[in-house]
Amino acid sequence: MIKPLGDRVVLEPVENEEKTASGLILPETSKEKPQEGRVVAVGSGHLEDGKRVPLEVTEGQRVIFSKFAVTDVKYDGRDYLILRESDILAIVE
Amino acid sequence: MIKPLGDRVVLEPVENEEKTASGLILPETSKEKPQEGRVVAVGSGHLEDGKRVPLEVTEGQRVIFSKFAVTDVKYDGRDYLILRESDILAIVE
Amino acid sequence: MIKPLGDRVVLEPVENEEKTASGLILPETSKEKPQEGRVVAVGSGHLEDGKRVPLEVTEGQRVIFSKFAVTDVKYDGRDYLILRESDILAIVE
Amino acid sequence: MIKPLGDRVVLEPVENEEKTASGLILPETSKEKPQEGRVVAVGSGHLEDGKRVPLEVTEGQRVIFSKFAVTDVKYDGRDYLILRESDILAIVE
Amino acid sequence: MIKPLGDRVVLEPVENEEKTASGLILPETSKEKPQEGRVVAVGSGHLEDGKRVPLEVTEGQRVIFSKFAVTDVKYDGRDYLILRESDILAIVE
Amino acid sequence: MIKPLGDRVVLEPVENEEKTASGLILPETSKEKPQEGRVVAVGSGHLEDGKRVPLEVTEGQRVIFSKFAVTDVKYDGRDYLILRESDILAIVE
Amino acid sequence: MIKPLGDRVVLEPVENEEKTASGLILPETSKEKPQEGRVVAVGSGHLEDGKRVPLEVTEGQRVIFSKFAVTDVKYDGRDYLILRESDILAIVE
């Protein structure tokens, strides 16, 4: 298992077929180039004045994120992405 | 539904016809290139010292925003914009 | 009406005739290129540690501001300017 | 009257004759290019954690300042300078 | 022994054979170029408002880290890496 | 008299003869180019969360400082230097 | 004696012979170019919210540091280095 640190989140990328089902289309030309993923694991929280503030996203949620500053990791044959919660723009419900 | 995170806001762009009605005209030549939109969803608030401070804007309001750092998203055939509240300049009432 | 957010202020530009009356002349060559305006609306305040600190300027005051980072907006046929209070240098009384 | 905002100060420039009297000479070659002025008005203070901390300088004092980030203003036929207190280096007593 | 300061961590690099066993593969083409290591020693914690907040990682854990800002050190014939905890992306369990 | 503001300090430069006596030699080739001076006046302190924290250096001490960001001032025929305490590296006792 | 200010530390460089004895070798090719030194004097501490937080290192300890932002000082015929504690990576015990 990959357990992210602090305000980081592990995502698995959402495939195109699934995207069509949800109705979400992310244009190629968008400046920030958002992408969609599913939350696999969340870190212990933001460090604020010495306390941990829990993240807003939780396991299983589908999220839109900016693909800058994302790290690609391959584990047990699967692709994952690690990013900070602040690079997640929104939850798709 | 698209639920923005933290201090982010989801807008739908306001069409030109509607703009004329409100009397607001945003000049092409303006340096910050403001645009107009309607608030569709707001995030949980600004994270300040470990607490969430609610956003000022609320659903349904019409706002002027700077179009830098805005992410375009297409969902169920509609165009939306995701941005931070700090990139919203004013509410048009 | 245009209601600015947070620490932002809406100004209407002050015309030249009026400037002469007040005795204020802003030189072309000044590095920061200050301009004069009248406060039309003020935001809810600076967000400091989760609390709103009211702005110093109030409606009706005449102010000198740095014209960088100002956004021009046209509303109901009139020109307005939106800027942060920190870009206002002084009140002219 | 010009009333500066926040941590800003209004100065009137000190003339050369007066400089000789005080014994202060500011070399042309100095990297920060300090200049001398007299305090005409002071702002409401530094905004620190939502409170105003009064400025150290007071009306009538003569000060040395760094001429970067100074805004020149002409009012009622006189030249003034507006700058932040943090750009004032010292008081000359 | 090498005792890291503050929010720093000492790692020993994890060899390729071991990587295959865990199933983790870090692609060459990944933008942040993550690498894997084992925690050998941790610092006294993050300095936050004058207090030490303990690190999240502990000795013996295997971690993925961004290889930027890592310092290579050779001690008693072995290779070690020193980095800040914030450059560790996740723990591999 | 020159009274520095806030966390600033006024120094008089220490001459070469005096340097030899103290045994301190500052190499020409040092990257930060340290210099030696004697404290003539100290400011009211660092502004921290709205309170003044007194400076560490006091009048009469000899100090080593980095010569970047130092302002040269000539007063009553003497040369002085104004700098922030954070640009002082150490006290020479 | 050289007494460092605040979060600064004075080191004397550790010679090569001594390095071999401890078993520490710092590679030439390392990006941050770490070096080894012995702590000669420590400052009064980090200034955090108006309070001094003592440094972690103490006199006599051997430390690895990044050689950027180090100032070389010669005193009584000996070479010393002045740096901030945050540029010390680890203590070698």
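Which chain is which? They are A, B, C, D, E, F and G, in the order written, and residues in each are numbered from 1.
Assume a residue touches a chain if its C-beta (ideal position, glycine included) is under 8 Å from a C-beta of that chain, and two chains touch if they have at least 3 such contacts.
Since this is a predicted model, take the numbers as computed values, not measurements.
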{"item": "Where chain E and chain G are represented by their mean Cα positions, the distance between them in whole Å", "value": "22"}
{"item": "Where chain C and chain G are represented by their mean Cα positions, the distance between them in whole Å", "value": "51"}
{"item": "For chain E, residues that touch 2 or more chains besides their own", "value": "49"}
{"item": "Chain contact graph, described as a line, ring, star, complete graph or other shape", "value": "ring"}
{"item": "Chains listed in ring sequence, where chain B comes first and chain C follows it", "value": "B, C, D, F, G, E, A"}
{"item": "Footprint of chain F on chain D - complex, ascending", "value": "22-27, 29-32, 34, 46, 48-49, 51, 53, 56-57, 64, 66, 85-86, 88-93"}
{"item": "Residues of chain C defined as touching chain B within the complex", "value": "1-6, 8, 10, 44, 47, 49-50, 69-77, 82"}
